[in-house]
Amino acid sequence: MKNYITLSDIENLDDLIKEALELKKIDWALDTGKGKTVGLLFFNPSLRTRLSTEKAGKLLGMEVMTMNAGKDGWALEFEDGAVMNSDKAEHVKEAAGVLSQYCDIIGIRAFPDLIDRDKDEAEIVLNAFRKYATVPVVNLESATGHPLQALTDAITISELKDKKRPKVVLSWAPHPKALPQSVPNSFADIMQKIDVDFVITNPNGYDLNPAITKDVSVIHDQEKALKDADFVYVKNWSSYEHYGKVLSVKKDWTLNQEKLKGTKNAKVMHCLPVRRNVVIADDVLDSENSVVLQQAGNRTFAAQAVLKRLLENSDNSR
Amino acid sequence: MKNYITLSDIENLDDLIKEALELKKIDWALDTGKGKTVGLLFFNPSLRTRLSTEKAGKLLGMEVMTMNAGKDGWALEFEDGAVMNSDKAEHVKEAAGVLSQYCDIIGIRAFPDLIDRDKDEAEIVLNAFRKYATVPVVNLESATGHPLQALTDAITISELKDKKRPKVVLSWAPHPKALPQSVPNSFADIMQKIDVDFVITNPNGYDLNPAITKDVSVIHDQEKALKDADFVYVKNWSSYEHYGKVLSVKKDWTLNQEKLKGTKNAKVMHCLPVRRNVVIADDVLDSENSVVLQQAGNRTFAAQAVLKRLLENSDNSR
Amino acid sequence: MKNYITLSDIENLDDLIKEALELKKIDWALDTGKGKTVGLLFFNPSLRTRLSTEKAGKLLGMEVMTMNAGKDGWALEFEDGAVMNSDKAEHVKEAAGVLSQYCDIIGIRAFPDLIDRDKDEAEIVLNAFRKYATVPVVNLESATGHPLQALTDAITISELKDKKRPKVVLSWAPHPKALPQSVPNSFADIMQKIDVDFVITNPNGYDLNPAITKDVSVIHDQEKALKDADFVYVKNWSSYEHYGKVLSVKKDWTLNQEKLKGTKNAKVMHCLPVRRNVVIADDVLDSENSVVLQQAGNRTFAAQAVLKRLLENSDNSR
């Protein structure tokens, strides 16, 4: 693995999941990262990604340096050839080049604006760091993807499934604000790479990017989709078609115990933070069906497995 | 010790003070916390608590992760059953549950609003973390108490006293802003647990919560109270009776050298930050009487003793 | 070395440069700083200084604690004798005294206001910490100097020069905002301490403080100054004479390839962040002439050499 920008950077997903679950057992592998530094740069808020990746680095024996971009440092320019006589003090060429001097791996979080689809899909921030950094870059959630979350989700399903090929349903949920498609995009992507029966359900107008969902069946009737599910992954996202919009939806899509009745006592997943009684009802989150905390706990081991691969690769290439 | 929420969590105070003073001598005890992580979550500013607790963790060999809640992460909801369709993105149930996956101990700082006494006394933030965290929780100053500061104060008096039972006076001081009662509350509490002759002096209207001060004599004449004092602990707090109010006070309560004359060359303590020439005069802070820096230094060893106990307890309970 | 406030704190510059280049080779020297803590206090934004000094501390085996002053902690009062009944919660006497209890070395970044020259030259923040701290203080860029940057610059020139006495030109550049003179001050200072042919070029009205530039020739014709240069150090600064002002300048002072023609294929340096196509053109920054990233990388080893000296000195003095 040379970078971890999208799931396609993973060479052998099954091996990586196994390794994460091994790392979960041994807890510390301090020699792997000794003398190495990971720098985490946040353009947006973070709780789980920040702490789990910091912890993953430390569990590998690495030094960790975390910065709130913009707030702690300088406003960055991303445009090539810009005449920088306005509010941006530093070009990403230098910022990425300098971070590469201090860090052996760089993590970047940069959310979409949800205004201009082409601009968000260009992944300007993440791609600029990938282009100008001379060390591996890890996607800590970008405009269109969240591959560390998706790897966590695959690990959690592998850990919890009680049959070879469980049925997994990605179920849209309501939310007062317009949210990115990055989590459902990466989840839909990775579910096509492991051995599950995968279905997406969302209201009309909320279909995800067809280039990502490909042949996955998208069912607009939630009840029908949830039938016999072993796992329900609940998540809101704003419209991809009417880009970034929150469309009015007549039916109630909040996941509650009533809706779980048609499932095979499904385990309920969510990447968190979750708005209770809007996205998922208390009666689900506070029940045995919910595995959201175990899922969040696995973030550490997903990050650890990815950082370990990146370190091993850069060792080999010397 | 299972948590460190209030002073009543301490099983044997004398032992804990002794241990802190032992830890002060040896400086590092890196094996105790090896492979363990403490997460510090600040809802309010901090200098001493932040750095001394970070340092205490490192001195024990722990990994330390510090976050400014709200700023770095997500706005939290504390109400049970809330329909989260407004500005709060994450419920404390998940936040505490998730932090418990990444941290072996969680520290929380959450000040009072000083508007609604019942609400502040409910200790909503701290108690929610205690309720939903599955690891020990440490109070880094809450709405009504600051037990790490109080332990530091007891350690400092133990270290500096030159008689078996010194006279200790908690003396109210003026301040331009309404401040919490958390520090004087915890100080009044711990002074009743060690062998001192303890007196409180404050203007009328500034009596602390009688459920905390109990039988301690509260003297409204500062000069009389200070007579023969070995230690004077100076601190402002807003009114408990007229909750959160700054009442007009006619006499000058600022501690200065003139007022120290009646004492037994008393050592002067303050938890810091201190407003010079308002709370304590320069002629005291810059004199040999002041032990505020030594006191601040002991914050490290108080935190170290508490973290060590919590770690030992969780090891035993496995 | 007892502090690192200005370049005059360096006892033997050649030795220090050599040591930094040795540290660059060995990468880790973990025993030197084991059990020691460096605290970094930022009153202003920072990317390179923050991360390189954090990394330098870690490379020496130190614990590192970083704080954004004001934002994470309390607003500080610097005036002696102040009656603190307004917005400042803590006096630097206590802040510096307390940090000295938690840290073995304290780093301070505090920029000038660029309004009142006398006030900026008094270096109120840095000098207050030097005065009241009981541990070594490191200047992380103050109102009038940036000695860690200057040491980096001397290290970089030593590393890259291909003749005994290269010609080094400090060349002023345009900038939309008023910037401090701290970097050019310290650069002009250190260039007079190593074996180079040093020239400064800037427009009329932009001459630096003559107490710093002393006998260095200041040439107001950029083309003439650049002739045969081996190194060009590009940097904007606001006027010292018309203090803090951005004066209108008729000629174009942006460094570009055209202007490099008269040099000996000069290596181009800048402390970063650099505004592209305002301070230096893309055709220089993206060429082989630019050594700005290597220069930024050396920040780590300059900081490491300084921290190591300070640690060694405090060990000896025990």
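Per-chain numbering from 1; labels A, B and C assigned in written order.
Just so it is clear, contacts are C-beta pairs under 8 Å (C-beta built on N, C-alpha and C of every residue); 3 or more make two chains touch, one makes a residue touch a chain.
To keep track of the chains, here are their UniProt names: A, B, C = N-succinylornithine carbamoyltransferase.
Here the structure is a predicted model, which is why all the values come from computation and not from measurement.
Q: Nearest 5 degrees is plenty: how much rotation brings the CA atoms of chain A onto those of chain C?
A: Between chain A and chain C, the superposition angle is 120 degrees.
Q: Suppose you list every residue number at the chain B-chain C interface; are over half of them used by both chains (same) or under half (different)?
A: different
Q: What is the distance in Å between the mean C-alpha positions of chain B and chain C?
A: Spacing between the chain centres: roughly 39 Å.
Q: Could you list the positions in chain B whose residues touch two or more of the other chains?
A: None at all.
Q: Provide the residue numbers of chain C that touch chain A in the complex, in ascending order.
A: Those in contact with chain A are residues 27-28, 42, 45-48, 50-52, 54-55, 58, 68, 176, 272-278, 282, 285-286, 292-293, 296-297, 300.
Q: Write out the stretch or stretches of chain A touching chain C in their complex.
A: 35, 37, 39, 63, 65, 67, 71-74, 77, 81-86, 88-91, 93-95, 97-103
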